[in-house]
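In the two complexes below, chain A is the common chain; its partner is chain B in one and chain C in the other.
The block that comes next holds the complex of A and B.
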């Protein structure tokens, strides 16, 4: 995933030390100049391979030039050329990535490449930046929007053979981590400082060992992979692995650099493939043991200025392919003087509607391409005409189903909920059409008449739980702006209304039915606030999961699936009527999240779990998260479909949605915090195309009442080479898909089985990778892995140690396990990685001395207790909560300034002194990095048992916890298994 | 002998109805696969015939047992056991939320059942004919014996 400048690719690279110096060439830029020069390409092609001191027996990979064949004659898309693009690319990327796809360059464009002289370092950059002006398509066939040929394109990763050299020499920004030094089999070249000095400081272990660097036999080898020495000294107990040198994702998620080679693709925040390639054959796919698929976040939050452009086709209607219904996108090609366009997914020639016609220029590109975002951007939003509506666009509607049994009153929940909703009323999207309604319940159902002509809301009690009926035909779900004063009055009185209630029962099932009746006409969002286990009427649940004996047996998984089919049926009905359910669960006792959560699972909702909710401590978290849930931009009554080119098909989908047909996801509501994963399968045994296109289309109603289609398009090359698949692998997407698979697996199998499955997949894939290289390289005693997947072993380990999969009965409460499982099914990649490998920061120094640049001072540490210093103050951030750990010998000054005499576990940390203010600044900065949930602070002191173990030590995933291994042991285990045949 | 004929005629009718119900379920499933109907309709249609199918099949099996027809009983018994097991585990109905995930399995299961019912159909027809012919012959014999012919 994260290119570290060390590595791999190009077999047969010349290994002269000079080649490591980066002739910085952007993959796609370099392809530009030489369009149409295939013939000449043949001769120079040999040059790089023959001239270098080729040390290895590397086979040449399947010769890329084959890519030139076929209908997709690669021509330089004009849009690749804006100088600005090129410049930014060069500036930002060049220094960072030593020599991208250097050998590719000669293949493609001999004159340029040769003149470039692979032996000149940096100054080359300008030359290349100038290259765009080369006419993009001199003799280009019309089809200028084809992505660059794959062998040039998808190698965003560093291609230097000498990682160490290139790392230290070529890239000032290179964030070397110590293990780099070690994994290199090649002794570090004498030139250049030994690995960025600055980078050492970022590491928890400044001590870098280079002792493992191998010697002679490997010298001069082209390094394609990363490796770790695991050779132990015979007779010693030492495992032979230097724990400090293991790769750790301390920088969190790093997106692969696909956009550089495919600038017309949608941004990776919307769509990420597990490997940015498609295998050409079934047999190749069978050797790729990791999931092949995509993670889609259709409505991901975009930074200011990068909003998805909105396109209105007006009378032309949305331009789509007649046969496969693909939306027009930057990769389609126009022919016949602009009167026809060829669909990039199914290659059908379509007529261009008269209103949409535009002439082509000499290169076959439309003249108006710059004015049309749908032809120049990977992500666009179309305004859908009436054909895309089955009914008038619905208004945003919110219905609150609030449990008012005694537990909710005592914990102060009602108060917090009422005030939060009230404060959000102005921020609800879609004003003035927004609809709102409330239903409260304990052992009876209380309907609230919010008719705008009333001055006070009226409450109507229905006690018949077996046959629920609505006391009023309408006025239970009302227009917010009309009835605002009634709603305000209701929310003001809500906390006091049930103050003296002593009712412990909760008739959730009947209440859900009633809410369904109220909402079924309109659809919308149903927010359920559940404080106890549903105990009355249909859908009542019983205590289960308190029997430890069931763990480890075949019945174990039944605890994690809904007990009563009522909930699934209800969920199906909700989805059918466009109702999304969000569950807020607050009970300190068992409340069967497994059953309740299935309501959210099939309706595109979300589960919020606040165990043992107390208003005094949790109110900020609930307030923030409820407000975000209500205020964030939401897409209503949506359906999503992902189309892909011939030969591949999406088969399985993972996330919170309901399938309406084999490939159509029904999403009653969807927002930026939801992501969906899907897996691909090959339909044909052999792929004939060179590029496969993916198109995600989300048809939804915006809060403003407009029907829209959001379309994300991406292209990926078809490859015939397994090592290329590894090279383009995206750890984040793989981990995201794998964790969803693991969670789904726990619903039908034992936890142990789910963990083993993950381990098996990891081992298989590393073994396969090993067989690619082990023979030539005599790699005995070395653990080798692709650079792109260097964090995968650690993430799989932390997945196995995550709350959803960890241990057995006693390790995690069943409710918490299920709630985490439900969260993991929807988390976007970045947050998922954060949850799996949380940040740990030492902050006592920042607190006492202050800092100018907070981001730089907060250095993430490895998650092991060896990092915890008794004199320090640490903060642990998993994206959902903070744990602040106070060392035993921490200076009392700090403790007093931030804590005072407050001994509670959720103390108020804001005090009027410098240290406390700095503390608040740090917390604020960390919270801003993840705005999807509010991280509540818990304080623990060193040796405070059992809380320390429960809150922090068990979560330090590199350490040994009962029933699981340390990181080093894990690596050794994986190494041994991947080595054994 | 007449009751034997009645038994086989009844089994003939019930096997035909079993085949019809299974085929109906299969059609619903493949319609769903090709997106002709939505999962809600599909699953409610399928679920509406699941219990009748189980009842008919169970009655058929018990009637074979009660009439001491060991061979057809032993053939139908595994299916009955399978049905009872599904019913006890509450897995006999199609789950509309998971229908697409289970589609292939459910189809396969019903195809196998259909094949099984078809072979049962052959057996039943054979026995029906045999019984009918035997009955006719017997009648002929009786007629001969009584000297009517």
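The block that comes next holds the complex of A and C.
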């Protein structure tokens, strides 16, 4: 395993402890923040340093005196351990010390300290965030008791891998090394060959090898990646994986700490890159098998106090680059005494408009930078002047298209919809300009005249479905504040209006056409409440998907795409006239969400699916979600474009929108619950710049009738090194892009193919990663993966087991599959991860004993049935619904207090006793965390088949389900595939 | 019938409000909107005389009134009574001044008073039908005099600025061309001089050389 090169560094190693001191120091320094020797200078610091120098350029806005002296001091730790948290870092210290023989440790302390002092001023040491654990580790009595302190971290689950690492792998390895005996003091490099290997095989990535030379072998190793012992006992059948030690994202989404090194970037809630770097060449990109791109949530909800500042340039007009039309942002540089500015994307020198001129200070900063948010914040909103309007800002308008066929009446849907809309009327944004209108339909279309001078709405029935016309030119879409009383009267009478209807037909297509005619002048939001399969007129759909034989054939994917081109054409028309369509589907039976959903897909809308809707059980969910849809801040008639610096280009976009030109996303309506993913490609073979900038610009009309441009700017360094790309990888963004890719793949391929594609991507990337390190580190029997991607295998597994991709015909209903697919296309990262790896909490103890700190007591568990205890009460939360699981041996007290004698599956849990109150508190706390949808509680009891399997057991991702493997098997499978060449 | 309603600030041509679904079922609405915007631009340059004016354009009339630095403009059919159109604008003006009067100068963004469109919409409906009792009464009311309001053609109005531009452009072209002419004349003069005296100079030169050669050799 060890190549010849191994010998080279070793002889160079000092044999006496004294001469050893200086070289030993370099390991410390290398991980320390400041360059000590030139060797380390060239190495790990390479990347941070280069970003540091750029940083001085654009970090101008910050107070310069402090910045200039030590810009890297604060920024480096994060750039070294971008995704490592406190616990990980402690771990990195651990393996360094235990291995040396006992007496060496005390000896070693002083020289280290000295050398650190001699090479670098002391203050550097404290810049370690984790320095407190560090000295104890050095001074603590030798050997055995060192590891324990390192397991104090907050997350017991993910930590265990380190344990196996240091105990089972690292130390035996060290002991075995022949060098240990003589060297004693020096941690023998298990990566002996790095120099040799590094220089031969990894010419373009010089710093990998060097880093280990400089950076203390084990530290470098752990810093770079994590590994899992796989098949530790050769020949044994046991997998050798400790299932408990596998990394699990129990804390949900972890945002990478980019903002510390790029403080001027927009917040990560708006824009996240799949890896916060840009590869410098095509060949490097080819080795990065994961998607390279970004996930954008332009209108993400911001906590109070962090609102995006609004800037009005007045007569100066919006300051933009002449050539690439980039908006002015914090990364532009001013030259020529403030008369010119250089665009950071295309580096064109632009004139500063006279009205915008401001003198520069000695460091080249504008004097007025503190008053100008566009020069100091990554996210700003510009007030758009007239040139950005093709028409006056439209008023928010809502048009409701309600299916009133017998299914809707029977399920009580009409009543819920009517009361919800009525209760939302006051909260609709944009008052007093808000427009509203209704159209109901079954086998005929019913128009409702809501003219303000009427006291009661008038209904007009149009039965001609082939040639739809509007019975009235006006007053079908009316101003809400003027016609409020008529709208109220209409909503009051709506539930009873169709009470005796026995009409089973649904003329959705003609109704859509009519709605289009009403709305086409203004645009707005069209909410379609569909209770049955569209059965009449144009756009009628037929029952399909009930044939299990289609599955597994090449025709399988056709079930998941719209059958009738009518819907896509209609969607194109809607987008052109700034109409967004939200689909609410309620049918118990097949209603072809695939076709209906394409309306939402191309108009920036959303699909809500309530299978087998019954007012009694689902009303809360529908009420909440409809109210949120109506009330949330919405951006109207929007277009979005993302620009990026030279050499890179956004090529594909994923989400709900219509692509107007090659890179302009048309979004009739967009809100905080929508996110968009896009993928990058490199244009040139080699990138010449050191930093690439991205700018998302969303031009929209706010509900208050203002035209605005929301601009988010971010910078990412160009790297020449694959390991740096892995280090800066962002699992959340990667999973988000991958799942969209997978869903899109299911629209043109078999489910099986989509799953395999995901697996292939994962395997390829891990294999690539393995070739980076495994050879040097002699990790033959170990599964290695970057620390930043430690959850990726699990997320990919859960993606393959998600409702959109899982199994085949029988596993998930076609409609549900399509609805999940449509939601996955728009989910923001955090909710996506929550959906993929839902939370499972045991709450019986909290219920009986109560708790002071609910957040702490709710400990997420691994998603496996082994975690389910028959004596416990569990709650499963995937962001869309709750499942409450009652163990067989759960104490009857609890059951009685929360359920009473209610045997329904959606019981009312609020009762007048302590346990029930606590239960409600827990539910409330969980719902607070995810306010985009309402989680309805379902109760299931252990062994209650088949519901238990259907609702919970199939969703326990780590368990074996038909046709899929357990988490441990999956890891083994991935490991084997990534190992084979 | 009122087709279009726009309210703009006269000092810089900033649009303040506009009727909501103006231009419905009208294919050339965009063209006339563009024309109206040009008109505002011209007005903001100061090319205007009267505070009330009618301008004919195609099958329509623009009517506008300017009051308190705000221009209220509407576009009607030719057949629509002028009197009613101005009454309509007058109504808009009164309400607009009442509601937004003190903020007009400070408005910084386009369509700052877009909320006014609901009122425009309502008022427009009142004036829609010329035969209602209310409108007939207004028509017969002699108090409001519209006869002296000038009527001009849109090309004329929009042309004023253009013509001025043309004249200045022509004059500037004239100066530059005359300069070129002067330069060329000088050049020609010099060439003529050379052409006249060059042969003589050459002959003289040859003679001189011969002389010089002669003195050297002999």
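Note that in this section the second predicted complex is superposed on the first by the 754 of 981 C-alpha atoms of A that agree within 3 Å, B and C clash if a C-alpha of one lies under 4 Å from a C-alpha of the other, contacts with A are read in each partner's own complex, and residues count from 1 in each chain.
In this text, contacts are C-beta pairs under 8 Å (C-beta built on N, C-alpha and C of every residue); 3 or more make two chains touch, one makes a residue touch a chain.
None of the values given here were measured: they were computed from a predicted structure.
With both structures placed on the common chain, the touch criterion links A:482 to chain C but leaves chain B unconnected. Of the two partner chains, chain B is the only one that A:565 touches; chain C does not reach it.
In the superposed model, A:661 makes contact with chain B only, not with chain C.
When both complexes are overlaid on chain A, the residue A:643 reaches neither chain B nor chain C.
In the superposition on chain A, A:652 contacts chain B only, with no contact to chain C. In the superposed three-chain model, the partner touching more residues of chain A is C, compared with the other of chain B and chain C. Touch criterion met: A:576 reaches chain B, while chain C stays clear of it. Of the two partner chains, chain B is the only one that A:602 touches; chain C does not reach it.
Contacts of A:842 after superposition on the shared chain: neither chain B nor chain C is touched. The interface of chain A with chain B does not overlap its interface with chain C at any residue.
Touching chain B in their complex are the following residues of chain A: 565, 568-569, 571-572, 576, 598, 602, 652, 658-662.
Those residues of chain A lying in contact with chain C across their complex are 312, 314-315, 383-386, 389, 392-393, 395, 432-433, 479, 481-482, 521-522, 705-707.
Across the complex, chain A is touched by residues 32-33, 35, 38-40, 90, 95-97, 99-101, 103 of chain B.
By the touch criterion stated above, chain C contacts chain A in their complex at residues 12, 14-15, 17-18, 20-21, 24, 108-111, 114-115, 117-118, 121-122.
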